[in-house]
Amino acid sequence: MSIRAAAAGSQTAEAEEVLGPAEARRQAHQASQPAAAGAPAPQAWEPLIVAFCCNWCSYAGADLAGTSRLGYPPNVRVIRVPCSGRVNPLFIVKAFQSGADGVLVAGCHPGDCHYSTGNYFTRRRFLLFRRLLEFIGVEPGRFHARWISGSEGPKFAQVMTEITQEVRRLGPNRMLRDARDVQ
Amino acid sequence: MKIAYYPGCSLHSTGIEYDLSGRRVCQDLDIELQELPDWTCCGASSAHVTDHVLALALPARNLALADDLGLDVTAPCAACYNRLQVTRHELAHDPKLRQEVEELLGRPYTGRAAVRSLVDLVASVGEEAVRQRTRRPLRGLKVAAYYGCLLVRPAGILQPDDPENPQGLDRILAAAGAEPVEWPFKTECCGASFALTDHTEVVTRLVAQLVDGAQAAGAEAIVTACPLCHSNLDMRQETAPGATPLPVYYFTELLGIAFGHSAAELGIGKHSIDGTQLLAQHGWSQAV
Amino acid sequence: MSAATELTRAWANGAGFVREVERLSGQKVASCYQCGKCTAGCPMAADMDVAPRQILRFLQLGLQEEALNNSTIWLCASCMTCVARCPREVDLPRIMDALRQIAVRRGRVKERRVYLFHRLFLAGVRRGGRLDELRLVLGYNLRSGQLFKDAAKAPALFLKGKIRVLPEKTSGAAEVQQIFARWEARKP
Amino acid sequence: MKRIGVFICWCGSNIAGTVDVEKVAEAARSMPGVVYATDYKYTCSEPGQQMIKDAIREQHLTGVVIGSCSPRMHEKTFRKTVESAGLNPYLLEVANLREHCSWVHPREEATTRKAIDLVRAAVAKVARNHPLHQGHIPVEKRALVIGGGIAGIQAALDIAESGYETVLVEREPSIGGRMAQLDKTFPTLDCSACILTPKMVDVSRHDKVTLLTYSEVEKVEGYIGNFTVTVRRKAAYVDHSKCTGCGLCMEKCPAKKIPSEFEMSLGRRTAIYRPFPQAVPNKPVIDREHCLKFKTGKCGVCAHFCPRGAIDYEQQDQRVTLHVGAIVVATGYDLFDPALYSEYGYGRYPDVITGLHFERLVNSSGPTGGHIVRPSDHKEPKNVVFIQCVGSRDEAKGVSYCSKICCMYTAKHAILLAEHVPGAHPYVFYMDVRTAGKGYEEFYKRATEEFGATYIRGRVSKVYPRGDKLVVRGEDTLLGKPVEIEADLVVLANAVVARHDAAEVARSVGFSYDGHHFFTEAHPKLAPVETNTAGVFLAGVCQGPKDIPETVAQASAAAAKVVALFSKDQMATNPMTAQVDPACCAGCMLCEPVCPYHAIRPETIQERVGGKAISRQVASVNEGLCQGCGACTAACRTGCIDLKGYTHQQILAEVEALCL
Amino acid sequence: MTVNAVTEKLRQTARDLLQSGQVGVVIGFEDGRFPGQPRPAFIRRAEDADRLVWNAFCGANLAKYVLDYRVGDGKIAVVAKGCDGAALARIIGDQQFPRQRLVVLAVGCPGMLDAGRVADAAGLPDGAWDAALAQVAAAAEPGADGFELNGKPVSRSAGLRPQCVRCRQPNVPAALEPDVWLSEPAPERHPSPDQLYGDVAALEAMSVEERGRFWEEAFSRCLRCFACRNVCPVCDCRECVLDDAQTRWLGKAVNLAENQFFHLTRAMHVAGRCVGCGQCEEACPVGLPLTVLYRKLSHDLEELFGPVEMPAPQEGKAAAGAAEGAAAGLEKAEWALTRFRLNDPDEFD
């Protein structure tokens, strides 16, 4: 309790030193909620979205969004993987555990996989995994899988915008998180 | 310039304004018209409906008359022009047909005389000549230049600048100061060949399409170069109660006005739909 | 009995007829690939009983009865829109002309009034060398049983000097009569 | 100790206009392992690259991170840069600060923060990079071509002409394939045999080509550059090394009434036979099933008459093992069985035939000497109805696709009919006339205008006999009326379908096929002759319906791919491949089915357990086949198979660095 | 004490197998310290065969023990109920033990009893368990629907282990083609959807927050003793990803997040592979409802991608030798997550 109080009442930089930036952000958000109205308002919480993008379609789609200057919120961080089939569900758990508020897996449209069949396995694996996450209490809006081709720059920007909005609405993720106080 | 003149039957009756205004305008542009002596009917569509050779022989006789004069020939009526030009083309390309036609005619046919429409003839004098001859530019007059079928088709024989969107008539009218509008029905059929039969409902529909199109494009009047189109558009416009019909002019009538003639001189008073009122609004009724 | 049209018989019966149409019109009916652009642009198509495209289809299959017994060939205004736009350069109005001529020859005129008009027109030309529009209209209205069609318009036309009471005279008339006579003489 | 250098590119104002590049470089300096960080206006420029090289040498860098444009843009450039400074090219990571950051976000603090995060992730990743090296695998410069139709012949000739040994395997007694059965070819009406036969002879005489006819590929093992192929040479019961092809045996053979497969059963052959007179090799084989010697033990006429003693009833199938570096699959097609359309009466009415029957009927060396006659009474047909799309474009009874060649060969048949039979009238029922090809539309036009073919748009509903005629009932949809035709002969354009055993071939060679059993190209646009198995290429209709010019073009394309492969003694492999840790791998092989390249196979390793030497199974990746997709890594529960360049550790480090 | 018929046949078979040297060991059950709690037995000598017993308390899954014999060439015999058989099939499919080295001694299983539940149902006083349970244990299949104990009728279902209530496979899978049947195959079992998934559905009916609280509460109790993994017969990897010190997937700290990572990993790894033997829950010292998680995934996999098929027995194998034929089919066993269909459902766009 004392650490939290100290963090809420001090500069964010100091809080980061003690808690790490992700946790500091989360607590800052909590502090800004009505329940903690008494505390001085620190820096507003911003959602963090981690997106695993396959090199051939979705990463290229993100590049196209860039070359087309199609803006989307800066909350999204892309990790490049050769194929969405490379993405182990444990990476997603790890991302939530490390502080991500939302996670996206993006690959080529079924049938268009650069490696022929990778995304068919992706589809099965994450259809199941999404249900598992929801079953253990992760809100449905936090984990997404999308098919974004290399020519779908606008779709990439739109999906990023939508997901950021949705996660912002849900607030900071507390499920699966490290270093959190459980009542 | 001197040229043989083939008025055709219509210009001696329902298209008399075209004859009047055409002669007047030609005179103004220093075109000397010499009417073919003893010209006879070209047979129009009734002939080619009946027989191909007969349909060629009737115009060929008139071409032969021009040959005799040693002059090219102009036909203001688009239908006559079309028959003459098509006949000349076919006879030039088919010696056997030409022989058959000569047998029917009982006179030789050389094909020397070239055929020109009146629009073409005026255009050949030049837009500049029209501009110079214009005493009162038709400034602010929005017109829909209507070519109909027979001035442009068959394109392979008549060789218009663009069979789907011709410009000759537009240019002449623009040279006289008018504002031709861009509209999509310049060469759509008005159905004139059925104007006198009992298929008038078809004709009414086709005329309505043209008039609506011209009005939608902002035109105040339709301008034609064919007596059949003219009488059809002039007589078969059905207007809703209270609406004013669109006046229909021969292009020679408007040129005549621009050149300073009076409406009466040009026969504009003979239209079914009053053509004088619009001119009067612009103050162009009287001669200058 | 089957309601279907048997095509080999149709062709056996109709091949000569098709060849005659091709000779009269100078067109090859096989050129048409039935795209329908002619019908799409035809100003009269809405009032025809079969589409202009179908006339060619009848001819391709040798169906002479269908090709002759329709209003379409009579309603063709010879506006040449179809010719201008045909991708296969088929001169459909020439084919219509040929079909009308054959229909007349066989006494199979479906649109008798249209034909009447053309006959009166040519009769007028034959008689006077030039067309007398008043006589044509009066004659047509009389013979087609619509005596007072457009009668309301006549006085105005008359007053405006558009209708001549007496037919024009031309010395070319005799020559035209000879043309008609020679033409008639060479008809089979 | 890691010594990482970070270079933040301004990209002019493209990055620097939005991201505070100095602040990013400053932040990078405090990231773990970073010993050097700077920013520069154009990192990809000559001086920019020089700066990186200098820093690598001066700072003794062990890893480089460049924050710049997308790695899809300049990763290769920068790899070369670091390599030229003596660093392994794979000790480089690119943080995408332009396409993923400065170009899509406004100039604000959050954008610079994101740029710092992206650089941090790249630093975390590069700290876990290992030097990677391209592998090299030797290439056996000999090609195998499966199928001796025009596709296989062309591919074999092209490869052989480039100087490489080629083995052409054909399962029939002669090469030539479908094209040998055709009379004329559209749209030029060249005689098919006249253009094919010289090629058949060329390929058989080529000193680089080994022709194995009457042979089938049984097994293919190995991988690109190193295939081992087992071919079964079927016993011909004729010693072809002795046989001169004089043909006396066939003349004397008493079993003469066997329906000829080549002639579509319209002609007859003997039990010792060659499929057609121009066969290559022009030597007979004995058809055991019909041979009296084999059936009854009596006869032996051929052996008796053979002047060379070439007949050998004791001959056995032989197995030949080939080592090849590349395979061209050109196994051709079958034709849809039109008997499935019971309403057309094929099989019930002898005068309902297929297009291929018509080819034989019109061919001057065919069973009728080129006279088109009805199979039933040998009368010349006048009214002939051609029905297109028999099987094609019909999901109820046939196949969903368009067979592509039928429109054109039917137009050809109409022309040939009109040419051969005076007064004949071809009628063609069609759905659409598809004439996409040079000179094709014009050819179709000739069929209608010059040769009087009547085309009727509509599918035929039924064919039934009336007297000695066949009544064909359909609708002329242009007329909008039902029509019928009393035909003398009905010719069905039956669909092109995959070989009945196509799936087996695909499985034995190891590549995929589609729902119709046509072989699947590696990419429909950009790799149309490759398969997803490296070193295996496709030519001709086995990949999908196509006509002769397309087939020949594809065959030459496949040959070009083979020749390109053979132009190097060794093949460089992609170093970013999957890798198994055999100590950890349990050998469950669940990674095997997810690999699209069949790059994972079980391998037996020796291991010491408790002082005892044991052998056990583990998964093993063939680096020559692996394309680095990483699907296997996610299928492996133990995490014992990893992807070099995108390891578990690297990705987890990136995740953690981004979420810091 | 009388010996039931199954035990009789088991002992005889074991004796024969060991005496003839066909197998080096027979894995079965022997009496434990307490009646109603038999323990796994590893019989290596023919003279020890009489230690083997079979009774209604032999619920433990024996399949995992075969993994201890991975090294070596000799055959081993295993007594197999339905769930042991399913686990063996999975182990063979994962190529962790060849079918050829197994002699499968199949027993039809009507569901195994839990000593505590039986005692409760019969109202046995604490001190009186042993004799009473010994009496129940003596019969291989005590009464179809129930038996009498302590003078009270006890219904069979009241004493069944919870995983046996849910059981759908009382006999070894046909593809395993057992070498010996020690009893008649047990009749098919068709648990109701509620018995199968009632607890799963109850959780699904909760709000996502409530579910989150439920699982957080559960996982926060986890001691990370790994007992669930260690007893799980389908956890057949040589090295567990959770022990990978180099990649460090699972952190060392025992906290909720790492506990969740542990259990989600296990859930994904047994998804569609779990045979429902319930060993994990029995082994868990803090009573985590682990099979709820696994059954949720099995259910969803089936719903999404269709039933997980067991390979069919190979045709015409009998003459050629049962083991080879069966192995050929079994070893092609695939995992729902390493296969796909083109027309799989697609909820992503």
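Order as written gives the chain letters A, B, C, D and E; numbering starts at 1 within each chain.
The rule we apply is simple: a residue touches a chain if its C-beta (ideal position, glycine included) is under 8 Å from a C-beta of that chain, and two chains touch if they have at least 3 such contacts.
Every value quoted in this text rests on a predicted model; they were computed, and no experiment measured them.
Can you tell me how the remaining chains group up by touch if chain B is left out?
Leaving out chain B yields one piece.
Between C-D and A-D, which chain pair shares more contacting C-beta pairs?
By number of C-beta pairs in contact, A-D is the larger.
From chain C, which chain is the farthest off, judged by mean CA positions?
E
If every chain is reduced to the average of its C-alpha atoms, which one ends up farthest from chain D?
B
Based on mean C-alpha positions, which chain is nearest the centroid of every protein C-alpha shown?
D
What is the distance, in whole Å, between the centres of chain A and chain B, each centre taken as the mean of its C-alpha atoms?
76
So, what's the distance in Å between the C-alpha centres of chain E and chain A?
39
What is the distance in Å between the mean C-alpha positions of chain C and chain E?
Averaging C-alpha atoms per chain gives centres 94 Å apart.
Give me the residue numbers in chain C that touch at least two other chains, ranges are fine.
Counting only residues that touch two or more other chains, chain C contributes none.
Show the residues in chain A shared as contacts by 2 or more other chains, in ascending order.
89, 94, 117, 121, 125
Every pair of chains that touch: which are they?
By the stated definition, chains touch in these pairs: A-D, A-E, B-C, C-D, D-E.
Across the complex, what residues on chain D touch chain C?
For chain D paired with chain C, touching residues are 383, 425, 427, 448-449, 452, 454, 456-457, 473, 476, 478-479, 481-487.
Spell out the part of chain C that touches chain D in their complex, as residue ranges.
2-9, 11, 28, 30-31, 33-34, 53-54, 57-58, 60-61
Mind listing the chain A positions that touch chain D in their complex?
So the residues of chain A touching chain D come out as 20-22, 46, 48, 50, 55, 59-60, 62-63, 65-67, 69-75, 77-83, 85-89, 91, 94-95, 98-100, 114-118, 121, 125, 157.
Any idea which chain D residues touch chain A in the complex?
Within the complex, chain D contacts chain A at residues 70-73, 96, 98-101, 103-106, 108, 110-111, 113-114, 117-118, 121, 512, 520, 522, 532, 576, 594, 596-597, 627-631, 633-635, 639, 643, 646, 648, 651-652, 654-656, 658-660.
Enumerate the contact residues on chain B facing chain C in the complex.
9-10, 12-14, 16, 37-41, 43-54, 57-58, 61, 103-106, 149, 152-155, 163-164, 187-189, 191-194, 196-202, 205-206, 235, 269-270, 272
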